[in-house]
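One chain, chain A, links the two complexes that follow: it is found with chain B in the first and with chain C in the second.
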Partner chain A sequence: MSTPEAGLLVALVGNPNTGKSTLFNALTGLRQRVGNYPGVTVARKSGTCDLGDGQKVELVDLPGLYSLAAASPDEQVVIDALSGNIAGDRRPDAVVLVVDATNLLRNLFLASQVAELGRPVVIVLNQADVAKEQGLRIDTELLSRRLGGVPVVLSSAWKGEGILDVRRAIAAALDQKAVLKRVNWPADIAGALAAVGKAATADTGKQVSVADAQRLLFDTNPSTAERLGWTVAQRESTLRSARDRVRYSGYNPMAAEPLVHYAHLRVVLEGVVTEGLGKAGQTAAVDRLLLHRFLGPFLFLGIMLGFFASVFWLAKFPMDWIQAGVDWTKAVVAPQLDAYPMLQSLLADGIIGGVGAFLVFLPQILILFLFIGILEDSGYMARAAFIMDRLFSWCGLNGKSFVPMLSGFACAIPSLLSTRTIEDPKARLATAFVVPFMSCSARFPIYALMCAAFIGPLYGPGWESLVMVGMHCVGLLFAVPTAFVLTRLVLKVKPQPFVLELPRYQMPKPRDVVWRMWQNAAEFVSKAGTVIFAITIIVWALSYFPRDASVAERIKAANPTAAEEVVKAKVQAAYVEQSYMGRFGKAVQPVFDPLGFDWKITVGVLASFPAREVIVSTLGVTYSVGEGAEADSQQLRKAMQDAKWSEGPRAGSPIFSLAAVLALMVFFALCSQCGPTIATLAQETGGWKWAAGSFLYMTTLAWIVAMLVYQGVSRLT
Partner chain B sequence: MNLEAVIVGAIVGVAAGWLIRRWLAAARRRKEGGCAGDCGCATKLKPKK
Partner chain C sequence: MTPLSQLLPGQFGKLASLNPERGVDQRLMALGLLPGMVLKLIRKAPLGDPLAIEFGGQVVSLRLAEAENLIVDVSADCPIQRPRQP
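And then the complex of A and B:
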């Protein structure tokens, strides 16, 4: 799809969670991420929209915001887009204001501010289906007239209703260029605004618009002044006397803007909405229970336990099928290549063993994301954030830290990007620093492998889900004190109010949930086919070479009477141990010895730096090469259960003791080892200092805690 | 040098080359202020000048 060259540009603007991205998708046919909580979209995204008559315009989806007094980076994106500040970007030719039809007064505040920009406007009253259900009737014609003749249309973007009306309304707005009726400022405020505009124009030599003058007068945040290049020395006395003038007229200068706008809007909305009989939302009643001070956290914990238990339970059979498929492929492929042992090992041990070990987790990942999607879309996820708020406000983070932290359980990278919703740069930094502690879905396969191979068989399925919940809490457990120290002692962040607006409860929308799951599955599979695939090949090569014939001869000479099978196994094991990987792993292993890791785990830990999931395929490869391809179609799980220390003080005892299994999981829960996360952290914090700090801190912490777990548990058992 | 070693060598070489190229491209995209395409961040950012 191509963007029309220098064509018309239309921007979607509105409060968070009103359905802008949903409408954007409906208008452009694209699939921009939507979600039932505020702050989903954090950057601009553009697409081509047909206006119904063949005319095409470029449409941009923007982050949501409540007011033009922008404070956070994502809100700044909107301000920049509206004023055309981004280099190479034009000012939009029309603005589509997406308004929640069930909450006109609050939503139209932003519209009223946008009016000051003097751009042609379309007002879309979205979520009309919900308004109808609540029995609200909205007189769009009256509203349109009151607002100065701008098109006002009802739509249900999610159901695809009213989309054609929106297209036509955009065409009409571009054609007729109707602008929103502006508020009538009281004389003194108008005078103060004029004075500010005049002084700024004189000082900077730039044309300062009415809208800019308002930002200069009403906001404490200096971004507008900085953009215009109006220095503190130049503006200080002008702003002080202008604000004094506002104060003498009876308004607090910081509150004058909303007061005047709301007074204006009350008049505009007079008689526009009639309330009929409808189902009042049950949100309040449900929230009394789910957000209960004491019950809430327990219900949350219960939901999470049930969540993981069902992930395991539902995924069991599909996982066994995939495992069987992998084994079958190996059994079919390996004998074909008996004449070519090297190629045979590459295919059977490397690619099938490594990538197969990873692919087995596909069903769990699918179900995991299905459930996350359902919890998110229903509106519960945002409540979970709210429950945690008490904990988090204590440690100096605010409501806006939750969305990033919550989505950190899927992946740290988009979460780091979504810290852009946080105004205070220091609070943003603190949040970005603790986001990687959230247990991302890439850590899931190693937990799942350990649970399936050890926790489940030893202690039963109940413990599996308990350990799973535990592992997801470990990160949180350390994130909280970290955030506390960082915000209170290091960065000294000012405490901020909780600002997360709780979304409405709704029936999860199968289309959105399934789409989300599908996307994650596609990503998982494509990762298996690309990064994991390539790394696995390299890990295989390093574990296979060198292959000096003398190694085999030495083993044969040392065991002249042993059965052929036994000798073969010994030869394979000897080869892996003296491979590049084996030598390297053994050289580094002493570092991880106090954690109970053998050289294969050590290698897995180090090789999973590019992507955490690699640990599973690395274990798959090293165990597979060490066993020999032709002999078995043994599963990784079984091989790990049987693995024993071959030398040192622990010789003969199992490598994967309970202590080592727990230590390995805890290490993965806490360590910082995904390269892309660190790179993104550097990008978002504007330098490598914090990224390097995060890496050192998390890795050291992981080492210490895993060591304590190993030493503690091995003394107890 | 037999054919088998050449084939295996080529596969390993291609895998390594591909990984390096991919990481370089990701680093470049990140520097431009966009997202490097990992973990579902399909949203490309416009670089802020």
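And then the complex of A and C:
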């Protein structure tokens, strides 16, 4: 990060999905997330950009927007960045307007608004490759002249074409300070703007710019007035008479701005684009299939089902390899430490057993993100929102809530941030509240473990994928009524407009998809080395200590004739039971008894509150401490399959019965077990109230539903 | 003159009027949907709502309720200016 005085500041501004972040990455060498749907970037990100001649500037990537009449928080970020509102932030020295070369008219509307700010600009016509394919020829020189001599360059950011031209153009803009040609406002509108500007300047004591005067006059939302500190009492009569003046001149004041700008742009663009022969593109044809009245929803479900089946199928072999690697490591390391039983147990049972059990799921995480990356990059995300909007509107949300919810299947944290694209604060709150219900990738390992160890062997691979899909729906099943109650009864959200651009389809770009997989894999692995590692060691230590030799002697004395192996196993079991963890788990277990959890699962559940993936490694530890160094992963699975209740009314029956397995998965589907999610929720909703509410609600709900599942299923089976 | 919501899939119309006081319509105007613009109702979502409309070379999704206030002229000779499919 460079300091404010360090140098010049350049901002990337443009419509959503035009390729700003792709261009940002090409210019700075950084890796911001990109994706083929509007609203990927929701916050400002900065980096350093070399202008080709050694000169360096600070470049900021911003969310996309269609108009400066901003309504949602992500759009407000752009307004603030352009006017330098945020404390400690400067106004940009130049603005790079990123324009979709296939739709100049609409994209230049925003450019024309930005022109009013009077900043030096560069116009980048991005996705030039697509324009060329469609047979569009763009006369950049003519466009540049018509726009008052600002640099206009073509680029294909994702191919890296034209990037040097962009660098040079930025340098030229900073140098020559060419500004965009402004529209000619009709006399009455110009007069009204001047009157508003003058009154606002007089009332607030601040110099109110032309651009601000336009926002004050044309916008219904009061954010600009509030920013300037122009009170309702002060502005009411001025604005009314100014708007009346516009109205008498024949324009609706709320429509005057687009009408004047678009009329201006039609003249500017006259003869700039020539349509030659080109391919029409497949978007319409693909949509005819994927959005078909009857086929569409089935394809939607089919894609999801096929995906979960393939995750198992594809991940099986690499998982076996990792498993074999973990087992091999254990087999090599453990015998070296026969002389130090404690260290042996720490390494073999704790670290290798626990962290290894977690790492085994890496291939599945990779495939999950491969799928998500393809969805995001192909253009299907916006279509999924289109298909689902009806269901969402029924519970008071809209398709804009859909993107955060769908990406919630990857991870709740970026999804919570992406709720910023929703205008209405209440709708945003309701969406943020239900996002953590979506089955994030951290829930995947526990489902996969349970399915592989119990559902698959008992009922076959078909049921395995079906249960997997089912588990991913459980959260959604409860999110919908939750949203309904929240929006209709608690927050009373007004119906939300839903205007969403459906972008054209494209072949997912391997580079972007692989990058998304890689980033998530790296995060997964680093989590294994940090949170999982730490909690695993704590759990291990608590289930290893104390080790009082008297326990072993007592058992040996009680079983004088038993074989050595049997005695050893009994001793280990006794150690674990009287460990701190055993005592604690047994003390708390009654709380989870109605859910069919024994004390080991109880310990796992409690240890998983900071991060739900921990369950897999804690089960790995609690079921392998005492198994000795020979226990490999197959045996862990077997240890779980063989585990039986030792006391109480269920004594002798398996702990992991179908009822308990389902209850455990349902519990994890619904419970709020993620520290970062709670923190992000608090940050996005502006306080701990909703975060605490979410935690209590989800955790209670998880307990109740898992209890019902256990009680119901165990009575049926 | 018909509300956009009553167009059939595939039908063209020329926008006659909208309600600039409404937030949705302001958004649509920013996208270039101004009176006189030719648009096409491409399809309805499988559950009947929302709609996908095309104008000025872009496809935009819009709810039925919002389309009720957009009045289009279907008698006008529209398809001449047929927007290019993206």
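Keep this in mind: the second predicted complex is superposed on the first by the 702 of 717 C-alpha atoms of A that agree within 3 Å, B and C clash if a C-alpha of one lies under 4 Å from a C-alpha of the other, contacts with A are read in each partner's own complex, and residues count from 1 in each chain.
As a working rule, a residue touches a chain if its C-beta (ideal position, glycine included) is under 8 Å from a C-beta of that chain, and two chains touch if they have at least 3 such contacts.
Treat the numbers as computed from the prediction; the structure is a model and nothing was measured.
**Q** For A:210, is the partner it touches chain B (first), chain C (second), both, or none of the two (neither)?
**A** In the superposition, A:210 touches no partner, neither chain B nor chain C.
**Q** Scan A:501 for contacts with chain B and chain C and give back first, second, both or neither.
**A** Once the two structures are laid over each other on A, A:501 reaches chain C alone.
**Q** Pick one for A:284: touches chain B only (first), chain C only (second), both, or neither.
**A** second
**Q** For A:297, select first, second, both or neither according to whether it touches chain B, chain C, the two together, or no partner.
**A** It touches chain C, and chain B stays clear.
**Q** Looking at the overlay, what does A:252 touch: chain B (first), chain C (second), both, or neither?
**A** In the superposition, A:252 contacts chain C only.
**Q** Under the contact definition given at the top, report the residues of chain A touching chain B in one complex and chain C in the other.
**A** On chain A, the chain B and chain C contacts do not overlap at all.
**Q** With touch defined as at the start, can you tell me which chain A residues reach chain B in the complex?
**A** Those residues of chain A that touch chain B are 32-33, 42-45, 80, 86-89, 340, 342-343, 346, 410-414, 417, 440, 519-520, 523, 530-531, 533-535, 537-538, 541, 610, 675-676, 679-680, 683.
**Q** Which of the residues in chain A end up touching chain C in this complex?
**A** For this pair, the touching residues of chain A are 66-67, 69, 71, 102-103, 105-106, 109, 134, 220, 252, 254-255, 258-259, 262, 275, 280-281, 283-284, 287, 291-294, 296-297, 382, 385-387, 389-391, 393, 398-399, 423, 495, 497-502, 504.
**Q** Please give the residue numbers of chain C that touch chain A in the complex, ascending.
**A** 20-21, 23-24, 26-32, 34, 42-50, 52, 56-63, 65-66, 84-86
**Q** Which part of chain B faces chain A closely enough to touch in the complex?
**A** 4-5, 7-8, 11-12, 15-16, 18-19, 22-23, 26-27, 30-31, 33, 35-36, 38-46, 48-49
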